[in-house]
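In what comes next, chain A is part of two complexes: it sits with chain B in the first one and with chain C in the second one.
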Partner chain A sequence: MQKLGDFKLPQFFNYPPYFTLQPVRDTREKQIQLWKDLILDYCKTQNVFVIAVEDQDFPLFSNPAIERSLTHEAREAFLSALVSQGRAEWLDKNHRKCLILWHRIQEWANIILEFVKENGLENSVMTVEEIRSGPESRGTELHGIDRTVLMRALKLLEQKGKLAIFKGTTADDEGVKFSA
Partner chain B sequence: MAKKGSPKLNIAIIHPDLGIGGAERLIVDAAVELASHGHKVHVFTAHHGKNRCFEETISGGFDKRLKENVEYLEELRSLAEREGVSSQVSVRNMLHQRRKSDREAVSEDDCLRAISKLKVLGNGFDVISVGKRKLVRSVPTELNKDHNEILELAQAQGFVIVDEVERRLSWTTGCAIDAFDTLLDEGLAMIDDGHKDGIRRYWFPCASSISTPGGADT
Partner chain C sequence: MARNCLQAAELTTSGRPVLLPTEIECSLLSAVDLECEDLPNFPHLKSGLLILTTHRLLWLPESTAASSASAIPLAAITHIFSAKKSIKSMFASPRLRFQLSVSPDGRVSDSGSGSRSVVVTVVIRGKGDLDAFLNKLWDSWRGRAWEIVHEQAGSDVASGSGSSSGMYTREGAVRMVGVSGILRKEQEMWESTDKSLQDAFQDLNALMSKAKEMVMLAEKMRQKLLSGSTSQPSAENDEELGSKQEMQDWLLSVGIISPVTKESAGAMYHQQLSRQLADFVRLPLERSGGMMNLIDIYCLFNRARGTELISPEDLLQACSLWEKFDVPVMLRKFDSGVMVIQNKSHSDEEVFGRIKTLVTKPDALRTGISASDAAITLGIAPGMAKEHLLTAESKGLLCRDISPDGFRFYVNLFPEIDPNDMFSVKDYGIYSTWLRAACASG
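Coming up: the complex of A and B.
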């Protein structure tokens, strides 16, 4: 099986017609499902949060072994399908950059709550940067999380009274006080 | 008709929708008659409505394990989708997986004979020879000779182009495109516009070995 680094690529990635947006509805739906799953899977294992549609280097968009690349239309179609499913969001109205939510924001919020529990952080304070890159984060999914995604999850938790966000003097000092 | 004292058989009848049509009548007659001769008849179907079926299918004399059957057909369909093969499935592998506990393996010959017996009951099950391979066709649409010819051509590289079809089969462009459209609509073909020569290729998952790496053409 072909691999991208240590990521195993599925069979369909080697089959040329999958790189052309199919005209027949049933076939296209099947195609979109396969690509959606591949994108989510890849982003999750490689910790990728943002995909630029025009990125020529994004490895999923082309397969040099079979000399095929996804057209802009196809890329947009697959990413839009993820957006409709609530698994992604367009970051701009021209649909150039897409935020991939291989965990939904609510799921990230739950992961943060777990993190608080595991590390006994109730009632204590931590900077946003520490949450994503501090020693406690190592080995957890929070390590290296995209800052935008993290802030969204934190804000969601703030609305639910689970924590309070406060600004420091610089962006790096932005902090969080976890509730008891 | 079985002679007296001849061995009793396990017979499977596969039929998508056990309604009240002519094919269904034939199946029910066959099943009831076979059951009355002492054979064990199992009817597999994906749909059976108690309000719209022949009376014998309820009072029967033959087993109609409905829920299991629906799951079986669903399994077949999702296996076909996962493998990227639309409608043609490796029946032998499917049977082998299903009957894991059986001591005897199912040979290709057994499969072919079983399917040729099913053919009598109509409804789309058939074995077609495409080049060296035998495929089980389970689509309701009858594939005509033209479609089969395209499938034959596709054997060589797994895909076909319009030009080739016109040349080798002496068809007009209109005929070729029509045939391709039908095959696309049936989910038997997929288009590929990605080759650098800009010529559209029609790929046939059933005609190529997806398991071999590449699939690239020169």
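Coming up: the complex of A and C.
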């Protein structure tokens, strides 16, 4: 069984047709499904939030063991499939970078609320950076979260009146006040 | 109805008349009635296809029911009446009459030595050039090609390798086409050339006699092949077995003695061409596993026709007409646009079965198969093999792998993989077989 770091790869990762975009509809649908699952699984365990389509170092998109790698067209097809499912978003018009949402924004918001509750942070203030890298979030999924994803989740909560975001002098010291 | 006083004409499965050994079609008329008031047992022949050959007049019903095709040997015709021009004939359907000798009990005989004479009227209801047909009828009747056949058969038995004169119809007989036609044209040219040119044509003459021998040889081979297929192959000597393929190739060179031409068939051209093609392709199809590229058929067919070449458009049209006839072959267009001719009995399932066996071999599981691998195993052309692979792919049997190594096909594992647990591999099934083969390599 092949591994990427501590990530276990499925057996079909060594199946050469897995790396060629299949033209027949049924086969292609199944192939896309398997790619979506693998990408989400990998990003979740490895804490990867952004995939650059042309990134030659992204380990999933090539398999040196069988000397196969995905074409640009195939990469875009699989990521687009994630986008249309709401599990990813293109960060630019040209589809060069893709934000992977193994948790949807709503799910991230729930995780933040859970985090606030567990740590008794109601009515207290934290900076955005503290949520991402502070001692309170260590060991939780919020630790190392992508800033874009975090801000989107916080804004969603702000709309619901769960917290208030106030600006600091720089982007780094934006603060959050959690409601009771 | 009383017994049919005419002879029954044999038809091929695609509805073309089966011709006698040296018989050639000369002209066709459609929507023709045959009438004979003198004979009470004359069959009811309405609105059929009338074919004039060098030997016979054949009447085929519009809908091809093989039982009801009739034949009148030209030998039985004792007189052909010239067309009457009158005011009345301008308004009625054109007619043609000839006198036929029949035996006392009212049956048409081969020899024409019957004791009674009856008049048969041909009524042409459709469009057709009666005068041209009448002229050709006269030519064929006067040519007496059927007598020459008898003579030749006699001389062949006697001498073994016939002399240069017995093979060809003498002057006045109808034109021949195909390989034998070329030979005869050359012969005529030779005869009509001035004596002073004889030396120049010495070589040509030698070539002709060789070519004639080849035709006879091929014909003999064909007879041998036909008899060989029924006899036991056990005791045959090696030489004979080895030359079987060669013999089949020679057989192909015999060609079509009477190709359908625009001249002979007129408006019926494509329809008749289509039927002849259906008869012709049966043998090459059998040899190439039930399916052939249209281009290959085009080459073979034109080669067999000799001088009377047809255009690709004519071929395509002839193939397209097969849908309307009850013939055992069909035109098929692959998704890629490649067109092939295949037997109707040819089944994709059988081919898929063989492809499946091929791709599940350990080596193929590991490295896939290319079109040429499949071509070798299936015994067909690589282009055709690729079409089969693509069809198998579209059915979900295979999937593709495009890499710097080339375009290869693998057995399709995608349906075997559990979408809910991508790490699970069932202990049985093709996925685990593949896994074992893949692991064995690395």
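Miscellaneous remarks
Note that in this section the second predicted complex is superposed on the first by the 180 of 180 C-alpha atoms of A that agree within 3 Å, B and C clash if a C-alpha of one lies under 4 Å from a C-alpha of the other, contacts with A are read in each partner's own complex, and residues count from 1 in each chain.
What we mean here is this: a contact is a pair of C-beta atoms (placed from the backbone, for glycine too) under 8 Å apart; a residue touches a chain by one contact, two chains touch by 3 or more.
The model shown is predicted, which means the values in this text are computed figures rather than measured ones.
Chain B and chain C, once both complexes are superposed via chain A, clash. Of the two partner chains placed by the overlay, chain B and chain C both lie in contact with A:K30. Of the two partner chains, neither chain B nor chain C is touched by A:S179. By the touch criterion defined above, A:E67 reaches both chain B and chain C.
Contacts of A:Q22 after superposition on the shared chain: both chain B and chain C are touched.
By the touch criterion stated above, A:S84 is placed in contact with neither chain B nor chain C. With both structures placed on the common chain, the touch criterion links A:L38 to chain C but leaves chain B unconnected.
In the superposed model, A:S124 lies in contact with neither chain B nor chain C.
In the superposition on chain A, contact of A:N47 is made with neither chain B nor chain C. Of the two partner chains, neither chain B nor chain C is touched by A:Q106. Of 1-9, 37-45 or 181-189, the chain B stretch that intrudes into chain C once chain A is superposed is 181-189 (criterion: clashing C-alpha atoms). Residues 11-12, 14-17, 19-20, 22-24, 26-27, 30, 65, 67-68 of chain A lie in contact with chain B in one complex and with chain C in the other. Partner chain A is touched in their complex by these residues of chain C: 368, 393-394, 396, 399-405, 408, 410, 412-415, 417, 419, 422-423, 425, 431, 434-435, 438, 442.
Taken together, the chain B residues at the contact with chain A in this complex read 81, 84, 86, 159, 184-185, 187, 190-196, 201, 203, 205, 210-211, 213-216.
Across the interface of their complex, chain B is touched by residues 2, 11-12, 14-20, 22-24, 26-27, 30, 65-69 of chain A. Contact residues on chain A toward chain C in their complex (touch as defined above): 8, 10-12, 14-17, 19-20, 22-24, 26-27, 30-31, 33-34, 37-38, 41, 65, 67-68.
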